[in-house]
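Next come two complexes, and both contain chain A; in the first it sits with chain B, in the second with chain C.
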Partner chain A sequence: MNTILVVAEHRRGEVRPVTLELITAAQQLKTAADDRVLLAIIGQEVELLASQLQWAGVDEIIACKTNSAEFEPELAEQAVSALIVSRKPIAVLLPHSVDSLGYATAVAVKGCYGYATDVFKLAYDGGALVATRGGYNQKVNVEVDFPGHACAVMTIRGGAFKPVEAAAAPLLTVDDRSELSGRSRPLEFIEQGGGGDIDITTVEFIMSIGRGIGEEANVEDFRELADNIDATLCCSRPIADAGWLPKSRQVGQSGKVVSACKLYVAMGISGSIQHMAGMKHVSTIVAVNTDPGASIFTIAKYGIVADIFEIQDELQAQLA
Partner chain B sequence: MKIVVAVKQVAALDDDFEIRADGLDVDEDFLMYDLNEWDDYSLEEAMKIKEAAAEGAVEVIAVSVGPERVDESLRKCLAKGADRAIRVWDDAMEGLDAVTIGRILAGVVKKEAPAMVFAGVQSSDQANAATGMAIAASLDWPHAAVVAELDYQPGAATARIKRELEGGMLQAVEIDCPAVLTLQLGINKPRYASLRGIKQAAAKPIEHWSLGDLGMDATQVGATAALSRVRRMEIPVKGRAQMIEGTIAEQAAKLIEIIKEYKGEAA
Partner chain C sequence: MSPQRFLSKSESLVPMTAQALVAHVLESGDFYAAVAVHGIADARQRQRLEERLFGSRRDVLMLARWEHTPANVLDALSRLEHMPLAGRVVKHRNTEGSTLKHQFSQSDDPALTGLLALHANTPAPLLLQIAMGDHDQVVLKGLARNPSAQPEVLRLLAQRFPRRFDKEIASHAAVPADLLSTLYHRGDKFVRAAVLAHKQVPEALLLQAAKSTETLILRSLVKHPLLPAATVDALSQHKDNAIRAALATRVGLPLALSARLALDDSDSVRRAVACRADLSPALMQMLAEDRDPWVRQWLGRNPVVGKHVLQKLALDIHEDVRRAVARNPNCPITLLEKLASDHRSWVRAAVAYQPNVTSCLMASLARDSAVDVLSGVAANPHTAPALLKRLVFSDELDVRRGVILNPAAGPDVLLPLLQDPYYLHRVMLASSPKLSDQDKWQLRDDPDARVRFALFQWLAARALRPVADRYFYRRKA
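Showing the complex of A and B:
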């Protein structure tokens, strides 16, 4: 009988949906009918949080009670490390999220467990666990394994596995860890305001510019083009970081998910995981990029290998 | 006091690249190297702290693990104002994963005893997003990842940071120091190296350290010390995009058609 440990993520009292994807990933690691999936949740009001975890495919929910309502890396690390020691899982699955980035490595390093991040595929090869992740800016797939390690800690890419849908009432165990302490103190949350700008999560037609735009002076041409075709001008992170467009226009993991969008024209955007997290669901994506190997083409419906400035000139000319 | 900034030389691929015969990596002929984008920001953050303090009070040390070619990236850090640059390399280093690199960097931190260690959130090529936290774990120091704002007085016992969460939300955190922080893009506006800086950097030495200098041995940095092993690298089958071929005029015409089709549906 093997055990697979999944760690749920929550923030401000809400379990984050990515947790449901991890349960599906854990199912894929089962090799025998009696293999068990444990779902741990770490926090203060853990019983309350655990009531949001009533999902099929989970054999036991472990509510680790600590003295911090919100994520603190050392509490999470110690709680998960203790569970690995007591429950001896072959694999520990965490979301590849900002919280996990703050403690997953420490769990693996201190316990000397196998470790891989941003994993999007799991498989066995002759008994060996094989995890696939991206390399060289997503241009290659890299298969890694964990020789010599009885347990592997892995952070799983969002969207790589379908969320579980069926409900169930798994067994609940409470694990009191209120004696643990960490060396950082989570304080308040700060919502980055839109500053009166348009809410890009509600618009249907977006033209988005990326680093391919080159310099700030070129933004104006694309603003004109966007106006001309009635699209809302959005961007990838480097454009917002440089202050060329407001942060409220940034699409992606740390920006916005453009949930209402139907047509997304990506100009000079390479297609990083974090950018795609904000737009990969859009039904019609057109990507313009000079690099035929750009990963944006793996999710686009239409691809144009061309210089965005030539395309922009030509579009304006044809629209005139 | 010192600030150690871990910097990585990352590789970008040529448009047409090939996987090495052993199937474990890309053929080196197709790699182009540069300083990791995130590290420009963490170096800048260290420089800001240095410049806000009294002259000579803060020493900024750029450290990288890698072969000789990495000197070029360290030279860039010196040109931007780092006081010292250290490159660690040893023939015993093999099958390095992010965790082993973190362990080696922790060895440097132990020798230099800085008040703060910065790393980038992730590297643009391998995106492990793990090395910085591996340094922290090896040292057992307080740590925080994806820091988008830092308020720190050199030598202070605590720092105020803002972690950048998903969906554009931030979380304020107070953390004990010394600490290891991974810094996020956009935390500041990185400077360009000045001509004077570039000239001065050419004259500054780059310190070359080996395992012995760190008091470490081959068992801590060899392939068996890694927490993962690369089995295979492959070029993924390209996605489902339908490519619009033809002249620029034809490509633009097709794009207009797609836009009109969408508008027709929307109407």
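Showing the complex of A and C:
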């Protein structure tokens, strides 16, 4: 019997949707009927959060209680390490997120486990676990196995596995780890600027504008269009620098990575390396630009060589 | 920190001639600096630079693809033998016409011809040659879309392949009026709509199209300034919302018609009315009460809207409406002062970016904690230099970038930013005309290649300028 351990991610009392993708990934690693998927959730009020984890495919939820209300990498590292020792999983699946990257490496190194990040495919090859991840700036796919390691810690790329949909009522076990202590203590959480604006790292549909927009009055046209199609309007750096959209809407190296985005419509964005760093991972990119040689077309799934104002006009006409 | 004190810190003087600059680069062996100065090197120096630049296959492939590679380096790359670079060179937007012509003469690869047909720098005779001889539909479609295509090319394509590329040709800025007529008469509704949307459309076609019942045609037609008054009136009652919305944007619409459209059921129509430059006071008052926030928002931005309506809109429940007022170029200073204390930072930011604010108001906004507001203060030319000098040391890189973008920020304000930890800021300053070359010279050993490239690109461009121009800044300082 093999055990696969999934570590749920949560923030401000909400389980993050990527956790449901990890459950699907874990199910793919089951080879026998008695293989078990354990879902661990680490934090202070985890029994309450466990009610959000009642999903099919999970055999047991482990509510790992610590004395910290907020995510702390040291506590997570100690809790997960302890769970690996006690439950002996063959694989530990974590989201490929800032939180996980804060402790996953430490877990793997301290326990001498196999380790792979940004994994988007899992399979067995002759009984050996094989993880596939991107390499060389996503230009090639790399298959890695973990010879000599009884357990592999893997961070799983968001959007690579379909989220589990069916509900169930798995067994709940409480694992008290309140004795654990971290090496730092959060004093205060200071909200980033943006005046309570939407967090663009969590939205799925983004329309983004760049230099091609020309002038500020045109920004309002696209804000209106985005509003009408339920998209979140974002931008490249020059637009935020001009004060035409808030800094919190800026995508790219100096801005944010739109990690949850599934559809990105780039309007008048040429596609600088800096901008693409924030959105090139998005599965469906639609680019509109008058320049057929614009770099954005190299990563776009659909490209339209056209004037963005014509497209905006036509979309508004269709919506009217 | 004064510029003079800063100068004394520099270890060496910036080379003032092209030859000296290239010699410095050759001595340093800096790859990116070598790319930047390639265009100003003499023949002997250029050969040595190319030995450095083209020494490895990896560097050559990278250069052929790098977005900043200058035209002269691309030309040199195109002449390298035994390297599969033609595709990359022809695809590159910086490649000049002479290089493209050379590539065309060296290859009969249809894929390369396709790229040449798309390139904006392909010389007109070459485009004509492709139009005359090529049969590949993808290549010819690209050609019909090429903004550099001359009327002869478009005419030839329309003759050789009737209807095949009519939509692309009809949307091309260079298409002559007589060809537009031909395309209109043989085209489907999509081609006709494209013809009617064209700036060169003959008036006779407009009159003919006015009789159409096709919505797509009428949507294109309604925007045209030469549309007869009777057609305008008829279209104002058309059932299609988009047609009425487009009509509401027309210049010179009778006031009675504007008033009627301001009562339209469709939000999009009323939004268009709210942007009009000829709104009567009564209409403004009415639109300020509109149920749709976007109508009020467009009204708030409208520069013809009077003080009383702006005052009302400044109290709107929607922050975007209040922001629109704060961005209105004619927003009175008293209203800006009120909006500067709005509870939403995005509204306060709009005030911070306003060009007609007082330095006193800027000083008050500089105490804000929101990054959007502080960025606006940093970028505003009315912000006092003393305040800018403080913002240069902000923890927020957006705020520091705001200072760099401020047209009034002088060299004494900008100098400390040459050591900014964010590479982009140093790139921006390397090409800033506000700092002297000697000040920038400290960036020659910058750890970031993009900064060094920007510096040497600037210095190379300066080396090509007349000597009197080069010293202008220093004399002024």
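In this text, the second predicted complex is superposed on the first by the 190 of 320 C-alpha atoms of A that agree within 3 Å, B and C clash if a C-alpha of one lies under 4 Å from a C-alpha of the other, contacts with A are read in each partner's own complex, and residues count from 1 in each chain.
Note that in this section a residue touches a chain if its C-beta (ideal position, glycine included) is under 8 Å from a C-beta of that chain, and two chains touch if they have at least 3 such contacts.
Because the structure is predicted, anything quoted here is derived from the model rather than measured.
Engineer: If you tally the residues of chain A touched by each partner, is the higher count for chain B or for chain C?
Structural biologist: B
Engineer: Of the two partner chains, chain B (first) and chain C (second), which one does A:Asp241 touch, if any: first, second, both, or neither?
Structural biologist: Both partners.
Engineer: Which partner does A:Val305 contact after superposing on A: first (chain B), second (chain C), both, neither?
Structural biologist: After superposition on chain A, A:Val305 lies in contact with both partners, chain B and chain C.
Engineer: If you stack the two complexes on chain A, which partner ends up touching A:Leu187: first (chain B), second (chain C), both, or neither?
Structural biologist: Only chain B is touched by A:Leu187; chain C is not.
Engineer: One more residue to check, A:Val130. First (chain B), second (chain C), both or neither?
Structural biologist: first
Engineer: After superposition on the shared chain, which partner residues are touched by A:Gly212: those of chain B (first), chain C (second), both, or neither?
Structural biologist: Neither partner.
Engineer: Which of the two partners, first being chain B and second being chain C, lies in contact with A:Ser254: first, second, both, or neither?
Structural biologist: both
Engineer: Who does A:Gly102 touch here: chain B (first), chain C (second), both, or neither?
Structural biologist: After superposition on chain A, A:Gly102 lies in contact with chain B alone.
Engineer: Determine, under the contact definition given at the top, whether A:Pro89 touches first (chain B), second (chain C), both, or neither.
Structural biologist: In the superposed model, A:Pro89 contacts neither chain B nor chain C.
Engineer: Touch test for A:Val140: chain B only (first), chain C only (second), both, or neither?
Structural biologist: first
Engineer: So which bits of chain A does chain B touch that chain C touches too?
Structural biologist: 192, 240-241, 247, 254, 273, 291-293, 305, 318-319
Engineer: In their complex, what parts of chain A are in touch with chain C?
Structural biologist: It comes out as residues 192-197, 216-217, 220, 223-224, 227, 240-243, 246-248, 254, 272-274, 290-293, 295, 305, 316-320.
Engineer: Would you pull the chain C residues touching chain A in the complex into a rising list?
Structural biologist: That would be residues 67, 91-93, 118-120, 142, 145, 147, 219, 240-242, 245-246, 266, 268-269, 271, 294, 297-298, 301, 320, 324, 327, 344-346, 349-350, 352-353, 369-372, 375-376, 379, 396-398, 401-402, 405, 422, 424 of chain C.
Engineer: Can you list the chain A residues touching chain B in their complex?
Structural biologist: Within the complex, chain A touches chain B at residues 11, 70, 73-74, 96-99, 101-106, 108-110, 112-118, 130-131, 134-137, 139-149, 182-192, 204-205, 229-230, 237-238, 240-241, 247, 250, 253-257, 262-263, 265, 273, 284, 286-288, 291-293, 297-306, 310-311, 314-315, 318-319.
Engineer: Give every residue of chain B touching chain A within the complex, in rising order.
Structural biologist: Residues of chain B touching chain A: 11-13, 15, 17, 19, 26, 97-99, 102-103, 121, 124-130, 133-134, 136-138, 142-146, 162-176, 179, 182, 185-186, 224, 227-236, 238-244, 248-249, 251-256, 258-259, 262-263, 266.
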